[in-house]
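Two complexes follow with subunit A in common, the first pairing it with subunit B and the second with subunit C.
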Partner chain A sequence: MKITFPHMGNIYIAGKAFLEALGQEVIPPPRCSRRTLELGIKHSPETICLPLKIMIGNFIESIEKGADTILLVGSCGPCRFGFYSILEEGILRDLGYDVEFIVYEPIGEGINKLKENVFKTLNITNIGEVLKAARLGWRLIHKADQITELANETRAYAKDSSRVDLIINNYHRKVEQVFGEEEMMDLMDKTINSLNKVERKKNYEPIRIGLIGEIYTLIEPFVNFDIERRLGHMGVLVEKSLTPTIWLDHHVLKFPFGSRNEKEKHRLARPYLKTLVGGHGRETVGAAIGYEKRGFDGAIQLLPLNCMPEIVAKPILNRINRDLEFPIMTLILDEMTGEAGFITRLEAFVDLLNRRREEDSVV
Partner chain B sequence: MSRYYMGIDVGSVSTNIILMDENKDIHYKKYMRTLGKPIDMLKEGIGEMERDLKKVEIAGVGVTGSGRYLADIIVGADIVKNEITAHAVAGLNFIPEVKTIIEIGGQDSKIIILRDRIVVDFAMNTVCAAGTGSFLDRQAIRLGIDIDEFGSLALQSNNSVRIAGRCAVFAESDMIHKQQLGHNQSDIARGLCEALVRNYLNNVGKGKEILAPIMFQGGVAANVGIKAAFEEALGQKVYIPKDYDVMGAIGVAILAKEEVKKKGRSNFKGTSIHNVDYKVSGFECDGCSNVCEVVEIREDGRLLARYGDKCGKWSNSIDKDNIKLA
Partner chain C sequence: MKDKVGIPRGMFYYDYYILWENFFNNLGVEIVLSPETNKDILDKGVHACVDEACLPVKVFHGHVDYLKDRVDYIFIPKFISVYRREYCCPKHLGLPDMVRHSMKGLPELIKPKVDLKKSNRDMKRAIIHTGKYFNKSAGAAIKAFNKAQNRFQRYMESIRQGAMPIHGIKYDEYNPSQILLLGHSYNIYDRYINMGIVDKLRANDAGVITVEMLDTHTMRKHTSGLSKRIFWTHGQRIVGGAFALMDEGLIDGIIYISSFGCGMDSVLMELTERRAKKLGIPFTILTIDEQTGEAGINTRIEAFLDMLKWRSKDEDNLPTHGEYIHSR
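Presenting the complex of A and B:
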């Protein structure tokens, strides 16, 4: 069994080491590239949201490298993601690829099927081992996120922000060469060390922007034109409202109660949106208010074109923008998005936040 | 010899160069078509400026527009700013209490909302160019009239024809349909102006609080028909600044003036750059499957800049103090 999974930001780093530590052979897809996107566009329905297209590209590229089993998370929320695994399996079958799909459906959909899938993919036979494996997975994901966050922070404060890119590029290259948990942890620690050594500006108060919106678009840099890196180079400190750590904490670790972080978003969203609208629509609304309360300078909503839950959230964000006088910009992404226009909007938004701050300091 | 600040706006359709003195008065103005050759146009523009004005002292330079990074590499700018900020600054200089700026250029249109001299919100056209200058250009050709006469022709109409303006392609078929029905040219021209304005207000201006004073700038502001259509749709007077077509360049010249005052010197390489030979070459990086097309610019053989790579491997490999292209 040669396992692969779709790309979603830094998840492959933890996923690879985790499955390898459990004795599985893992073939992570090559990093998302133009070829990935072109393969995906060619074989996906035109009007489906962008993440599916990228995933199809990931799968095809992994299969080319020898993968025969695809690992995926399912969903039952009112968002097209719930339909992804079925659609993707159909597309790959039609293309003549003979691969096995293993879908981790939410625990609420029945524990037995999930248990069977977990045992099968993780090469283990009892619950005790599952818990041990889960702790390992959690540590890896947590650390991978920690590196992403530290890199973002260092970029904002660095005297020479391109040094951070060099460290991170090097880290990504080495991730593909190391094997298993121990080597991965070692590489991660070294990366954190180098990041901490980057010289920082003193007495610098960066503009702070919260990134909100659809989880895949937030996490996968290929899809969001590397927004974290670009803002970092402009000296902006970015924080994402959703990360793999936050997602796991809410949906797995704290199941069935949910994490405090996400429940707080629901509470904040309540005056505007009382109920689930699929995906992370409600969380987007709550996160925007949360960033305002924490004193952020602004927020940017990211969504793939025609993402239903985020479309519901968008007009509410306009309202929040007015009610709280909190700048929120929406950027819609798909394969047609032009990079130049995207950068112009980012720069203008940062200028806007800078000017607001200057005016405030005068008063 | 007078000291000037130069503003350069390298856009997709036009490249503009202006010279502004310490009192923010415009002394020289050049509007050129970019024609897809930004480097040549820049050299030509600066060369002609030197010929026209003989000896000038340039105290500072600002660049804006979609070609701003390229322009910076060529001229050595003191400030590189996006079009939205540049237009807002220029608009504020014209009407200090301006609350809304409508800017329609060749391929993009923007709305900038200001309150108390600060940009509080902005939007740009997202998916379609149906509300921009190139749309009008194209329809003028269809109607067989010169774009310069388009506006005045529209004003002659007493009875506009409603044309579907949501999509440039459908607008064209709808316009042909109206021509076949026998409507006259001026009614159709007015209908097109109204369609463009409707499209702008429904897309770019959607959800924005458009308060007076309202300014209208960008190349399309030359069209009196569009101005009239805006005034009718908004029920407000719309102001058009004298230098409506080079507002981006003016804005960035003002910003350059502030920047030079802070910095105490200018990065400008001098007007002689039009004699320098710039060579642009490209190669495909084979580092990963993105196969980025990396562009290299050489100034008389010396490597000036590299960009186009997603990962920063090439663009970060050159020492630059103040710009980041990646």
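Presenting the complex of A and C:
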């Protein structure tokens, strides 16, 4: 069994080390590229949302490298994501690829099936080992996220922000060479060390922007034109409202109650939206209010074209923008989005936030 | 003075209006229904609603706009789930929220939450909630609803006999070709946004079937073979209905009407088209949005019907039987 999974930001780093530590053979998905996207567009239904298209590209590229098993997380509504597995399976079968799909469906769909799938993919035989594996996975994801965050912070404060890119590029290169948990942790610690050594500006108060919106677009730099890095180089401190760590904490670790962080977003969203709307629509609304309360300068919503929950969130964000005088910009992403226009809008937004600060300091 | 409740003629109006109408009538509440969609309503909707939304949601905003100065309340239920373990589209889940945050000067919205995901009991809460606006006791509200429900069941029965929802036109018994008109109720039955496609098909001697005419049990049975249960109730109806009619060989072709950017359709079209391809049943998609022109739609329909005619003429001497003819 040669396992692969969709490429989503830094998840492949933790996923690779995790599965290797459990004795599985892993084909980590190659990082997303123009080719990934083109393969995806060619073979996916035209009207499906962007994440599925990229995943199809990921799978084809992994299969080319020898993968025969695809690991996925499922869902049962209300959003389209729940149908990804059935559509993807159909597409790959039509292309003549004989791969096995293993989908971790929510517990509500039947605990036995889930157990069977977990045991099979993780190469383990009892619940005790599951817990051990889960702790390991958690440590890895957590640390991978920590690096992403530290890199973002360092970029904003760095005297020379290009140093951060050098360190991160080096880290990504080495990820592919190391094997298993220990070597990965070691590499991660070294990376953290180097990031901490980057020289920072003194007495600098960066503009702070919260990134909100659909989870895949938030996490995967290829689809969001590397928004975190770009803002970092503009001296902006960015925070993402959703990361793999936040997702795992809410859906797995604190199951079935949910994490404090996400419940707080629901609480904040209440005056504007009281119920779920699928995907992370409600969390997007709550996160926007949260960033306003924490004194951020603004927020950016990432919306993959035609994403249903984020479209529901959009008029609500417009309203929050008016009510709280909190700048929120929506960026729509799809395969046709041009990079140049995207960057122009980012720069204009940062300019706006800078001007607002100056005006405030005059008053 | 009697309170007036506005009901926008959009979205689930096409599914549940008869139920709502009877319910409010039984409560002694006066209803104001917005007129059939027209250019003005569409324009107002497009203006009020966020650009990214699908056509039916925009049209719905237009109907709300029409009603807002004419009534004391507007009725926009929040449809989360109408069936155990299933959901409605995220935009139905957020419909009252989208409306209330996009539009100014609205009267009070009555927006009972309908969430039958866990059990049918939640319906009661929604009924009592609505009754309270008109000072009705829980008992009175429930009684009014049950009576309306009975009436609604009879109406559903007549649809299964082949009557078209809302307009109540019976479909013709015999026709050279039977077309399954597939898609969301508000795309199929709103004659303005689909440019009267039902009449157009009939004028061309085609019979029209819609999935609302089938019974739920049959539809559910036909999707049970999929590796994933269809957790959208209205999607289940579309896929299940199409599968049932295709599997039983009751239709000659399928026209899927989809609003541009509909997230649910991207999945449903793929599932139904895949099956149609396999069975060699002609399948075509008409995408509608606020810019769709009537001429284009006419051409597409005529071409599709011509293809069907040509196909049936050649049926007897078709070289490879069941050869796949696909138009898109």
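Operating definition for what follows: the second predicted complex is superposed on the first by the 363 of 363 C-alpha atoms of A that agree within 3 Å, B and C clash if a C-alpha of one lies under 4 Å from a C-alpha of the other, contacts with A are read in each partner's own complex, and residues count from 1 in each chain.
By our rule, a residue touches a chain if its C-beta (ideal position, glycine included) is under 8 Å from a C-beta of that chain, and two chains touch if they have at least 3 such contacts.
From a predicted model like this one, the values you see are computed outputs, not experimental measurements.
Student: Based on the superposed arrangement, let me know which partner A:K113 touches: subunit B (first), subunit C (second), both, or neither?
Tutor: Touch partners of A:K113: none, neither subunit B nor subunit C.
Student: Identify the partner contact of A:G281: answer first if only subunit B is touched, second if only subunit C is, both if each is, neither if none is.
Tutor: second
Student: Quick check on the superposed pair: does A:R260 touch subunit B, subunit C, both, or neither? Answer first, second, both or neither.
Tutor: In the superposition, A:R260 touches no partner, neither subunit B nor subunit C.
Student: Mind working out whether A:G82 is in touch with subunit B, subunit C, both or neither, as first, second, both or neither?
Tutor: A:G82 sits against subunit C, while subunit B stays out of touch.
Student: By the touch definition at the top of the document, which applies to A:Y272: first (subunit B), second (subunit C), both, or neither?
Tutor: second
Student: If we overlay the two complexes on their shared chain A, which of subunit B and subunit C does A:N318 touch? Say first, second, both or neither.
Tutor: A:N318 sits against subunit B and subunit C alike.
Student: Based on the superposed arrangement, let me know which partner A:I332 touches: subunit B (first), subunit C (second), both, or neither?
Tutor: It touches subunit B and subunit C both.
Student: As a test of reading the superposition: which chain, subunit B or subunit C, is in touch with more residues of subunit A?
Tutor: The larger set of subunit A residues in touch belongs to C.
Student: Give one of first, second, both or neither to describe whether A:R35 is in contact with subunit B, with subunit C, with both, or with none.
Tutor: First partner only, subunit B.
Student: On the A-aligned overlay, A:K201 touches which partner chain: subunit B = first, subunit C = second, or both, or neither?
Tutor: A:K201 contacts neither subunit B nor subunit C.
Student: Both subunit B and subunit C touch subunit A; at which residues?
Tutor: The overlap between the subunit B and subunit C interfaces on subunit A comprises residues 315, 318, 332.
Student: Flag every residue of subunit A that touches subunit C in the complex, lowest number first.
Tutor: Going by the criterion above, the answer is residues 45, 47-49, 74, 76-80, 82-83, 85-87, 89-90, 108, 272-273, 275-279, 281, 303, 305-309, 311-316, 318-319, 332.
Student: Which residues of subunit C touch subunit A once you look at their complex with the stated criterion?
Tutor: 49-50, 52-53, 78, 80, 85-91, 93-94, 97-98, 101-102, 113, 115, 226-229, 231-232, 258, 261-267, 269-271, 274
Student: Spell out the residues on subunit B that touch subunit A in their complex, using ranges where they run on.
Tutor: Residues 66, 81-85, 108, 116, 118-122, 124, 126-127, 207, 288-291, 310-313, 316, 324, 326 of subunit B touch subunit A in their complex.
Student: Considering only the defined contacts, which subunit A positions touch subunit B in the complex?
Tutor: Touch list, subunit A to subunit B: 30-31, 33-36, 161-162, 165-166, 169, 226, 229, 233, 315, 318, 321, 327, 332, 336, 340-341, 343-345, 347-348, 351-352, 355-356, 359.
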